[in-house]
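Pasting a structure here, questions to come.
For clarity, chains are labelled A, B, C, D and E in written order, and residue numbers in each chain start from 1.
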Amino acid sequence: MNEWAYTAAFFIFAAVTVASAVGVVTKNDLVHSSLLLALCFVGVSGLYVLLQADFLAAVQLLVYNGAIAIVFVLGTMLTRRSIRHGTNHSEADAPSRLIGLISGLFVAVTLGVIATTPWNYSSAGAVQDTPAVLGRLILTDYMIAMEVAAVLLLAAMIGAIVLAKGVDEE
Amino acid sequence: MFSQYALHHAWLIPLLPVIAFIIVGLFLRRIPVLSAAVSVCMSLLSFVLALGVGYGVIDQLITVDNPLIQRMPWLVIPGLTIDMGVYIDPLSAVMLIVVTLVSLMVQIYSIGYMRGDAGFGRFFAYLSLFSATMLGLVIAVNFVQLYVFWELVGLCSYLLIGYYFHKVSAREAAKKAFITTRIGDFGLLIGIVLLQILFGTLDFQHLGVSVPAYVAQQGTGLLTVVALLIFLGPIGKSGQFPLHVWLPDAMEGPTPVSALIHAATMVVAGVYLVARAFFLFSVLPNAMEVIAWIGAFTACFAASIAFTQRDIKRILAYSTISQLGYMMLALGVGSVTASMFHLTTHAFFKALMFLAAGAVLHGLPDKNDIFAMGGLRHKMPVTFAAMTIGVLAISGIPPFAGFFSKDEILLAASQVSMPLYVIAVLTSFMTAFYMTRLLVVVFCGPEKPDNHPHEAPVSMRIPLVVLGILAIIGGYIPYAYHFGDWVRFGPALHMGLNWTIAGTSTVLSVAAMALAWFIYGSGKATSDKLARRFSALYNLSYHKYYIDELYLWLNHTFVDGFGKLLYWIEIYVIEGIVNGLAHLSLQLGDWLRRKQTGNMQRYGYIMFGAALLIVAGLLLLNPLFKGVLCGGGY
Amino acid sequence: MANFPLLTAILLTPICGILVLFFLPREANKMMKMIAAVTMAVALGLTVYAYWAYDVALAGMQFTEDIPWVADLGVHYALGVDGISLPLLLLTMLVGFSTVFVSWNVNERPKEFFIQLLVLVVGAAGTFVTQDLLIFLLFYELWVIPTYIMTVVWGSDKRVTKEYAGMKLTIYLLIGSAFLLAGVVALYLNAYPAGLRTFSMEALAQAHALGNLSEHVQIVVFFLLLIGFGSTLSMWPLYSWAPDGYAAAPTGVSMLHAGVLKKVGGYGLIRVGLLVLPLGAKFWAPFIALVAVVNILYAAFITLVQKDLKYLVGYSSISHMGYVLIGFAALNVISIDGAVANMFAHGVMCALFFALIGQVYDKTQTRHIPDLGGLAHQMPRVATGLMIAGMSSLGLPGLVGFIPEFTIFVGAFKEYPFYTLLAISGIVFTALYILRVLANVLFGPRREEFDACRDVSGVELIPLVVLGTVLVVFGVFPQLLMGMVNSGVEPLMPLLNQLHAAPTLLGGVFQ
Amino acid sequence: MIGLAHFLTVAAMVFAIGLYGLLTKRTVVGILMSIELMLNAVNINLIAFSRFITPDVLTGQVFVIFTIAVAAAEVAIGLAMVFRVYRDRNTVHAARLNEMRW
Amino acid sequence: MNIALLTSEIAVLVLGLLIIIFDVLIPRQETHRSLGYIAACGVLAILVHSMTQYGAAATVYQGLFVVDNLALFFKQLFLAATFLTLLFSVEYVEKWIQNSGEFYALLLFALLGMMVMASANDLITMFIGMELMAIVFYALVGFELRSKKSSEAGMKYLMLGAASSAIMLYGMSWVYGFTGSLVLSQIAVKATASPAMLLGMGLMLAGLCFKLSIVPFHMWAPDVYEGAPTPITAMLAMGSKAAAFAVLIRVFLIAFSDLQEYWATIVSLLAAASMIVGIVVAIWQTNIKRMLAYSSIAQAGYILSGLLAGNVAGVKGMLFYAVLYMFATAGAFAVSTAVKNHNGSDEIEGFSGLAQKSPLLAVVMTISLLSMAGLPPMAGFVGKLYLFTAIADKGYLWLVILGFVMSMISVYYYMLVVKTMYSKARDQQEFVVRGSLQVVAVISLLASLFIGIYPGPLAKLANFAAQALW
């Protein structure tokens, strides 16, 4: 791929991701936040593509944008409108400066770590047929994890149903 | 034959009264007749045995240098062996006889005196125990045995002084007696401990050998301290200045008890201790000097208080202190003989006087003030006679008992130090004066109209008669039979009368008696005038130089004050710290729990902060931390 | 008879009593007391038999039993008694036996009360007979809960509430024992290399001889033990649980605590502190001696101004423990003989004191000294008992208290002349407060408000007679006690001599 | 040249932003969104590492699959819980959920 | 590859599914109590069966799932905890929870998650097992539908739990990034003290500490414990904590064992902080569950300290302590459940007079609490002894002293409960205790005493299990 195009694409996706993430946490309206979150997910899936994880980029779009973001929007809609407006402000008594500081420090520390760590880069080429490789991995080595994840989803479903259904008013 | 038996069974002498105590105390308390009978019988047996011992001592040629000692191990641990035993030599033999005799007399007397008292049985039990402990003290073979019985004597005196425990004054007096003597015992105990450490033994016989050797080697420095510490015990027990304060108050006990305490037990224990440990004191000239001066001062000092006292028993009490001072003086100037001789005669005439005083009080219940009495000689002839004999004896009028013994002391003092002699003579003068004052005021003069005195019953008169005779002849007979050959320390001492000294003291005594008669007996009643003229001195003397008040103040201010101060520290500092720590951890808990606001974002905030700290710690501070917190050692 | 597990039997007797009591119906009030009494009588009898059967000439550990218990920690169910522990075991049983009768009037939930009382006895007895440090701790901590519950349920409020006092006592002692536990853990780890580790006291005592315990370790560990045992022993300034706790606890618990549990501290100091950590003991001894003097005088002065009988005895027992401490600190056979004997003496005396105070409180409903007075009129037996206890407390010869104190003084004077001098001066202040309280409570004018108070009689008399007799008999024949104690202490002589001879690196900084 | 460091930096920033949101948003829905941001940051990290460190085994990508599954489950439960809370108290404000404290 | 090694997990899963099916099949008017007993019996059967698996040290699926003695020990711990919880929760569920079938099924799924965690040998399996457990618990905490507290607790647990998962995942990603592997043993080979490694390790530690409720990651615990249905609180304390410890032990003693000098300091400080905070704050609590929550924070600190030893003795101490804590907690929560069933309240005041109304329960509560406090002769003392000898051997005497002191202070608030139980009763209502609950009470009582007095067998077993790591 073209070096320049790759760099440009990275910066665009990165900018979309970070900017929409900032929007998610700063927007006052929950619906706006939800939509920006979806945008952010798109940016992230773009980054995945740049990292040659095509399958995951697709999954990201499907699951996050298709499911999670929609669920958020729905959830926001279902709760009453009055709580949506003007209530997505930052918590008044939260020490937001301090939190900002912590977040900033976090980034700083991480950047330091990134800079100082001697990474063991691999020179091997990327796997081309990712879905097949992933499929094999999941169904062999990570078989148990896979099964457990299935149970997890089942359990989450049961739990979510019971919780959302609420008390039977007999 | 009997004396042999008595010598070898001398341990029975204290044991018999103990048995009486146990029987009476446990079983016969409520049966007056039997309790008295048992006690008196046991005392009598003791007395007979003591006489046997006395005879045996003479018969078997047991001398001070050649005592008869029996020992039985009482406590054996490595480095500390303590025996209980019997130490028979003329010194202890004399004491045995004196103690058993006086206590027998007192017990007989008490039958009459205490009749009808609710605690009759208890009283006899205590009396038996009292004489038993004193006898145990007398036959002690070592310092610990001596100390054991010394303390028990103190206990018995406590019980007996506080016999009328419903009276606050008796209760306080008993307490005072115990605590004051305890202060002396504190020194005594330290002295004993030091002796044990210095010599590894406390046995009189062994110490008698090792002390001179030690002095020859190491000098007298430390040993003088030890001796003075030991002497603190006698200061307390024998009522020497400045620990004499308990003795006058001890009058709160029933009069027979006073007689017993003042004549034969308790107070003379101190004198006996110094005599018994004379091997120690005699090699320490500085200690001797201190003893002599304390004795002399006490004698003079107590006499000056006795001048102005109005309570009949108190006057006798101060006279006891004074006489004890004499005995100490004698010991201090090196004459065990004189001291023990005076102890013996004093036991007789002082017991006599106390019992006589008891008879007076028995005849005139609820009256102690001598100026409230008067003219008793008609109604109480026997008592009057007894008291007169006593006064003559204590004043040193020949040929009464006191004359010989007092003369002996004056002689010994004059040989050592002129000032001591002068003080002793002066005291003798004062003694004669105040004793005559007592006699005159109580028995002579007109009868007081609201008094209805009556003579004492027979059981009380018998002891008066016996002791009266002894107070007359008790001086001459030992004198004639060379008391000093037997009871002595060092070479045998042949007593003789120094006519200059004897004459001086006799003349002075007579003069004092005449003066007292002039002031109190002639009816001219100049005593009040005198008192007014010398009111400062009079008050000083009448209030016993305010020493009791001083002690009370010291006790109140320093002991209790210090206690209160410490209690304050206890509550506010020690407890304060404990409660403070508890409070602190509670506060910490409260503070921490207030952080738990229920706001989940606050929780998250802390969580992330902590995660950041962990990472930061791992990344940056780790090498610094390591050595500090898990240094591998303790 | 030779292999009869006597000590186990002594421990099991009260446990059997507990089980029987547990299954009794709640209503069988009298029955419970009888069972408790019989149990304790049997235990006491067995202990007296052990005391009698112990071969003093042979000395050393006797009646030993040893069963491996927890293999991987090196814990053994090892029992045995010697001249140091046997008197204290006897003390436990004497006091325990007496407490049953003292508590005869407990009619509120007697079942729980007597079960817990017996647990206390088992706990105390266990500490004295076990030869394994871990089992020792096990028994040691057995005290905590029953004490607390008994104080809260059956106790009484005084200067502080009973809840406060019980909690203070519990937590204070527990925190002390936390240091103790830490010390024991450190000792256990350092004494032997991994794999050979053991809690056996005998083996631990040999670790020093083998050179496994450096002076440094001994000093640190001894300090930790000192905090633990010191707070049990009410060493200054770690005692503030004692007065409040005694005052609030029911009589039986006060008796056991002051009479017996305190002694566990002293016993531990000797058995673990001295035998296992001689260099540590030597290092801290001058410090302990100093604290001992503070204990004696400070507490004596505070006792002087107390107005409540139980506080008075509480503070006085703190003062008395100073003698034990200074006896220990002198580190020679005579003084340690005295210290051990003094623990016995003080235990009996203190128990008697508390028993009688309990009786006084029962009858008069007050323990406030100024409210009392002239009780000798109405209650001569109580008065006699208090006199005996008081006289023993002030060290009157002829009662059990004297000889131990005397031997302590003789032993300690060599090492700490000045401290001992101060300690001896304590006898004056002791006399002062004891006589004051006797005078104020027993003597003086008859008070009509107490005319209704009946003197002790029947079973109430038993503690008085038993403890009083012990006080007198052991006082008149001290060799009965001292011979036994000495047979336990004398074997330490080589160790102590060696200790005095050996200069230590850090020793004597407090001198 | 765009390398590992760039992707890691983006991930760190997204994570930090999510963290900021987590701690400052008022409603629980917003908080849930912030958590999703953080999980996405993790995913970026994992895939970046998978690409640059172990391009031949794809373990990082497998991990991401599971992460996404878990995230979905969390959101499901989370929103169900939001309904419950809303029904109980008529509010979804995080700060109001403080009946239990201290 | 031997599928037989997975029998227990499969059995639990099947049991859970069966419960769901039975729940549907059972007629509506039925109380569903039988479901609880079925679940309990099934768990007991699995527990008994798992006894036969000792001695195996095999892995399944390329070493990503390991079945060794350590895993088995933990699994049995979880099974036992679940068994006890099921037994004492039957009446509670009947009374306070509507969806009992789902409740039991989810509980079993959580058990499955824990079991997976115990066996997981790579980060993915570990993560997914942990999330299974966590998500199920998020739901179960909010399961008491009539209670506002329950939903609040569920919300808090979910939010903070998800955030902590994110932290841990982020940490895992760094570890993976540096070592290029997710399998513990391979991580161990490549781990060096590089910044990325330390960052990852630190964040993973933080995430795990959340599950362990180690200070300062503990703040969710009191609220969640208070709001959750009591059986779930018990499972959180007994199971989820132990499962997190299983993970912690494997991760830190296998993967990060070479970095011990780095994490040891941090862990010792965290342990100390947990002991202190857990205990001083517990003093103030008036709610029994909240009090037990703080107590469990402190207990976690104690168990955590065993990690410092980094050897068999330390792990043995941790395992030993986890078991005895499980029994003590079961006893305490069983009694709390009984009291709540009786008077509907979790307040400590509700315990007044329990000693007269039901002496057995009072004794069980007392013994359980004191076992937690670590007083001999209860099991807690021996447990502390094992832990502390192990770490004192490594030189952490200061922590030992602190631990003992704090444990003695903890007696303070345990005693307050004991005092309440022994004080006079407030009401004179008859106190009925169901048989199954009594069984749990007696089991926990006997276990606490037996382990305390004769710790040999359990110690041997724990030792056996701990050796599996080396």
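Throughout what follows, a contact is a pair of C-beta atoms (placed from the backbone, for glycine too) under 8 Å apart; a residue touches a chain by one contact, two chains touch by 3 or more.
Chain identities (UniProt): A = NADH-quinone oxidoreductase subunit J; B = NADH-quinone oxidoreductase subunit L; C = NAD(P)H-quinone oxidoreductase chain 4 1; D = NADH-quinone oxidoreductase subunit 11; E = NADH-quinone oxidoreductase subunit N.
Every value quoted in this text rests on a predicted model; they were computed, and no experiment measured them.
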Steps in the shortest chain-to-chain touch route ending at chain E and beginning at chain A: 1
Longest centre-to-centre distance from chain B, chain (CA-based): A
Leader among chain pairs (count of C-beta contacts): A-D
Core chain by centroid distance, with centroids computed from Cα atoms only: C
Distance between chain centroids, defined by C-alpha means - chain B, chain E (Å): 76
Rounded Å distance between chain C and chain D, as computed from the means of their C-alpha atoms: 64
Chain D and chain E, separation of their C-alpha mean positions in angstrom: 26
Chain A-chain C separation of Cα centroids, rounded to whole Å: 69
For chain C, residues contacting two or more additional chains: 171, 186
Sites on chain D at which at least two other chains make contact: 8, 15, 18-19, 22-25, 31-32, 48, 53-54, 59, 62, 66, 70, 73-74, 77, 80-82, 84, 94-95, 97, 99-102
Chain B: positions in contact with at least two other chains: 593, 596, 598, 600-601, 604-605, 608-609, 615, 619, 634
Pairs of chains, among all present, that meet the touch criterion: A-B, A-D, A-E, B-C, B-D, B-E, C-E, D-E
Partner chain E, residues of chain C touching it in the complex: 69-73, 112, 134, 137-138, 140-142, 144-145, 148-149, 152-153, 163, 167, 170-171, 174-175, 177-179, 181-182, 185-186, 188-189, 194, 224
Of chain B, residues touching chain D in the complex: 593-594, 596-601, 604-605, 608
Residues of chain D touching chain B in the complex: 19, 22-25, 31, 94-95, 97-102
Residue ranges of chain E in contact with chain B within the complex: 155-156, 159-160, 163-164, 167, 195, 198-199, 201-203, 205-206, 210, 216-217, 219-220, 222-223, 261-266, 268-269, 277, 280-284, 308, 394-398, 409
In the complex with chain D, residue positions of chain E that touch it: 123-124, 127-128, 131, 135, 138-139, 142, 145, 148-149, 151-156, 158-159, 162-163, 165-167, 169-170, 172-174, 176-177, 180-182, 222-223, 226-227, 284, 290
